[in-house]
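Multiple structures are listed underneath, in structure tokens.
Look at the two complexes coming up: subunit A is in both, with subunit B in one and subunit C in the other.
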Partner chain A sequence: MRTKSTIENYLFVLPAVLIFSIFYIYPFYKVFTLALCQWDGIAQFSFAKSFIGLRNFKELLMQDRVWWQAMTQAGYITLIALTFQNALALALALACDRDIKGANIYRVIFYIPPVLSGVVVGLVWRWIYDGNYGLLNYWLQNIGLSHLITDWLSNPKTALTSVAVIHCWKGFGWGFIIFLAGLQTIPRQLYEAAKVDGANSWQMFKKVTIPLMVPVFILVSILTILGTMQVFVLILSMTGGGPGYHTEVPVTRILASMVGSSRFGYACSQSIIFGAILMAVSFIQIRLSKYMRQA
Partner chain B sequence: MHEGTKYKIERFCKDSLLHLFLIAVAVTCIFPLLWMVGSALKTQQTVFSDMSIIPRHPLWSNFYHAWTKGNFGIYFLNSIFYTVTVVFGIVVVSSLAAFAFSRLQFPGKNVIFYMFLIAMMIPLPGSFVPLYVLMTKLHLVNTRIGYILCMINVGLSFSIYLLKTFFDKMPHALEDASRIDGCSKLGIWWHVALPLARPAIAVIVIFNSLNVWNEYILATLIFSSKSLMPLQRGLMIFQGTHITEYPLLMAGMAITTLPIILVYLLMQKHIIKGITAGTIVG
Partner chain C sequence: MSCSFIVFLSVFLTGCAFEGSAPSAERINVWHWMSDREETFLELAKRYEDETGIKVNFELYAPSEAYAQKIRAAAQTATLPDIFGVLGEKRDLASFIKAGHVYNLTDEMNQDEKIWKRRLFSKALAVNEFRIGSDFGVEPGIYGVPIDVMNIQMIYNKDLLAKVGWDPSNPPQTWDEFLEANRLLRENGIQGLVSGWADIWIIDCLASNYAFNIMGERKVLDTIRGKVPYTDPDWIKVFDLFRQMRDEKLLASGVVTMVNKTAEQLFANNRAAFAFNGSWCVNVYKGMNPDMDYGVMLPPRASGKYPMMIWGGAGSSFMVNANSERIEKAAAFLKWLTDKEQQVFLAKETNNLPANKHSLEDIPEVLSQFADDMDNTTHPNIWGVEEFPVVKETFKKGIQSIIIGEKTPQQLAIEIQAIKERELMKLYEN
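So, the complex of A and B:
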């Protein structure tokens, strides 16, 4: 009777565990085996025949310049997202946290870009950025800034920044919601007490808001880094990585190794190195924040 | 009195400046969408020269042509089908598991639950590579069921976590009562747990719907027949083959975006709640 009941209980988790094992655990294990192999994805796979040891990793770490260029470029987009996007999100959240009229309408509008798909966002902005018929150049000409006109996404100097700006456009609404939720947990009495003590609004911001928001800042910056480093749908739909390799990011490189040059093993080694870097970044950040909270 | 007016004027000026800032940002959020719809209503000639947002003679037939000639009708129905089946699958599978993790006893329960939790925290960029290999092996490439199963897996961990924390907070009294009335475990799950978990299920449904509707990379790798593809994939295909037909492309994009915007506007309260919940987990 007892065992029958236990088996019955297992049946509840069985579908979840089954799907999870097949579609998460197995691929997870497969990444690590494939990374040690040279395999084109077509031939019958045999571990013994295609095993090449750590050669994929050696090539990736020592020779693959484009990979590290892609990594730097993702880092550049991340830096812009961390500063520009999050500053904007915080400013908007602070503005909406005052009892301002229509705060709810603003909140609804700011979260529209995040619910759109990367493909749609990328294609709309590509059309606006277009060198010949784009709205942006048309406007620049009309307000007398025609010297700025360029083919935004084909010019190596402007392509990456243009993509980064759109990434921020798509993401700031998300940061805004989190910041606003954080601000609203700060008890109003604290502000009133500070006011009674004669603090002005800048002092209140510095002494009340900022210290209490530190955990939220850390959370948002970790998620911004993890999210932005892994950006790629936007890139595929805006530039496809070009011109040259000027807007390539790690995930587009992984995709290129797999689909473009049919090097499945190499693509897996890229995945592992990139995943490890991401883990390290978030780990360092969590440690740092603990250290800062103690100090 | 004088002090009061001064304060009021100051406050009014500050608020106006803030509104100006907020409105400016809000306009940049909406404008690209208006531009998209506007471009969808222009002709192949005027789309390159007419810079008005709403053209004087809107060409609604573009939507019809995109739907039929551009194949967006098929893509649209596919997207609907995938979204409904995947979300249904996630709700059933994750609520069964979460119910067991919260209420039932069996050896290894915590280990299995932590496995799902850890999976949420390890970033695995490029997981599409081994997933594609697996799909080939199981002969699930270019099949609907393959895509659906992959996408169910994507939403599973988060949904299980969310529902388990929700079930944990639920009072046991109702369950005890129904057990005394002779309800089986499955009966309790169906008659008691699921109806009570409605707020959590709403969050799961909305988030996973958005996620499936907007998914691109797995759809790209798994499908090679146009008749099976969802919208996001269809857009990229159309964009690749009819590169200059901007009005039809924009119409296709409007068809892709409209349902999302509608669902978002109707459900925005749940969505805001879900983001905050989701962030705390992540």
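So, the complex of A and C:
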């Protein structure tokens, strides 16, 4: 009877285990295997024939200067997203948390950019930024700022920031929704008590809102880092990684290795290193935030 | 209960079966990526079925990047159709052949005194041909059938040249004339050259045209073989042309991140006097501005020492699946597709140059200008040697860096050579 029950239990778990193994464990195993091989993605794969040890990792870590440039650039976009994007999201969430007229309309409006297709957003903004007939340069000229006119996406000084700004514009809605949800979980009585004690708005924000929002800040910043480091569609539709390597990010490099150079093994080693870095950053961030909460 | 379960299981498993797992002997499956030719292909399939009773099932997978991935995946799972195209470089085609996916069509081409082979442009065939002694390690032979040909040249807007006082019947032939024409255009507020250099292979194409012109084919190929360094003065001359284009403000604004579609729009809207584009542009410009008056010329010579060679050859090619059960039927269909009648129809409907050299009668005047220069074409796929991908990328991205003023030609040459030496070293280690 007991054996039957155990078998039944295993049978119930089996589909989930199978799905998890097929769609998670096996691809992971395959990526790790391929990272140790030199394979073009076309020939029949033979581990024995294509095994090259850790050479892909050695090349990536010690010789691939462009990869680290791409990592730095993704880091730059992430920094802008962590600061400006999240500051904007928090400010708007604070505004919408108050009893203002049409709060629901604002919520919908702020949430529109994240649900738009990345390709569409990229193509529309490429047109706005265009140096030949772009709207941005047209507006700058009309308001007397023609000295600022430039080829926004072709100028190495402005290309990456231009892309980062659009990434923030597209992404702030996520942070806004999460911040707003977090703000609405703070009991109103705390604010009322603080008011009775004579606290002004800034003091209430500093002493009530911020401490209670710490878990939300952590969540939003982890999501921002993971989402922004993997930025890809916008880059592809706006600059293709150019000019030169100025807007390359890790995912465009992985794509270039896989599709452009047919180096599947190298692309897998890039994915592993990239994943490891993201995991390490998230881990450090979680530890830091735990420490901050305790402090 | 159990009976209904069996019925359910049967229906479920039938639904899971591959469409191609029970093929009809009288049906040929073709996968392609050419969305602009879909209607024409369907019409040709209908005609073929009427003539032979054999159904041809064209399946479109676009965009081309998605198609390229699809055939790789299909190769891994042995589910390639009877006929397919390989997108990518010669190295990729060689990998497909070595993996046993592509049928060698040499015997079919040579049948009946080479009647099939002779009707096709030799430059187009060469793109799918592997010769004895090539670096790819593939059995020599012809592995693909070109269905159209293309070449990439300089296009000029006759009205804009006339507007600045340049005789449009005599466009600039030399580099100095080209710069002179640009000065006139600039004085009149007209942009010089536009091209989609975000698609970085087009930069490679123009640079390689000038490399052939300045140092000749042999030296270019010797560079790829590693016998001549990229720091050679001739290569620096090639890179310097891009510096000159930058300094003379010859290039349209934003050219390095411009996709070819945008470049085509700018040229079609009379926003630039020159465009560096392929013969497919005839169809594109026709759609964008049918009244535009333009001509085709070879890129202006930078040197009189060697002829100017342009990239050209097969535009699109089809391969026969070596594991297909219908190899003969697939080859027969491709032979029919490259017959004069079908090629004339394809050229007329799609404004592409036909692969059959006897089908050039009714093509538009501009397209015939492209056809006239087929003898001047070359292509990396016929060189028999191939540069390392990472060197190619550094080369192309490096030229972008020259255009944006970040690197000098000398710096770029040193950088490319360093990467070339690193790759050669890796090759020797292996």
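Observations
Note that in this section the second predicted complex is superposed on the first by the 271 of 295 C-alpha atoms of A that agree within 3 Å, B and C clash if a C-alpha of one lies under 4 Å from a C-alpha of the other, contacts with A are read in each partner's own complex, and residues count from 1 in each chain.
As a working rule, contacts are C-beta pairs under 8 Å (C-beta built on N, C-alpha and C of every residue); 3 or more make two chains touch, one makes a residue touch a chain.
The model shown is predicted, which means the values in this text are computed figures rather than measured ones.
Partners subunit B and subunit C, once the complexes are superposed on subunit A, run into each other and clash.
In the superposed model, A:275 makes contact with subunit B only, not with subunit C.
In the superposition on chain A, no contact is made by A:184 with either subunit B or subunit C.
Of the two partner chains placed by superposition, A:141 touches none, neither subunit B nor subunit C.
In the superposed model, A:83 makes contact with neither subunit B nor subunit C.
Contact with subunit C, but none with subunit B, is seen for A:40 once the two complexes are overlaid on the shared chain. Shared-chain residue A:154: touches subunit C; no touch with subunit B. In the superposed model, A:244 lies in contact with subunit C only, and not with subunit B.
Set against each other, subunit B and subunit C differ in how many residues of subunit A they touch, and the higher count belongs to B.
In the superposition on chain A, A:203 contacts neither subunit B nor subunit C. In the superposed three-chain arrangement, subunit B is struck by just one stretch of subunit C from 43-51, 61-69 or 313-321, namely 61-69. Residue overlap on subunit A between its contacts with subunit B in one complex and with subunit C in the other: 41, 45, 132, 259.
Against subunit C, in their complex, subunit A makes its touches with residues 40-45, 63, 130-132, 151, 153-156, 159, 238-240, 242-245, 256, 259-263.
Across the complex, subunit A is touched by residues 15, 18-19, 21-22, 25-26, 28-30, 32-33, 35-36, 39, 47-48, 51, 92-94, 96-97, 99-101, 104-107, 112, 115-116, 119, 122-134, 136, 149-150, 152-153, 156-157, 160, 185, 189, 210, 213-214, 216-217, 221, 232, 235-236, 239, 246, 249-250, 253, 256-257, 260-261, 264-265, 268, 271-272, 275-276, 279, 282 of subunit B. Residues 65, 68-69, 72, 75-76, 88, 91-92, 95-96, 98-99, 101, 191, 198-200, 252-259, 262, 266, 271, 389-390, 393, 397-398, 400-401, 403-404, 406, 422 of subunit C are the ones touching subunit A in the complex. Within the complex formed with subunit B, the subunit A residues making contact are 6, 8-10, 12-13, 15-17, 19-20, 22-24, 26-28, 30-31, 34, 41, 45, 88, 91-92, 95-96, 98, 100-102, 106-113, 115-121, 123-125, 127-128, 132-133, 135, 138, 169, 173-174, 177-178, 181, 219, 223, 226, 230, 232-233, 236-237, 250-251, 254-255, 258-259, 264, 267-268, 270-271, 274-275, 278-279, 282.
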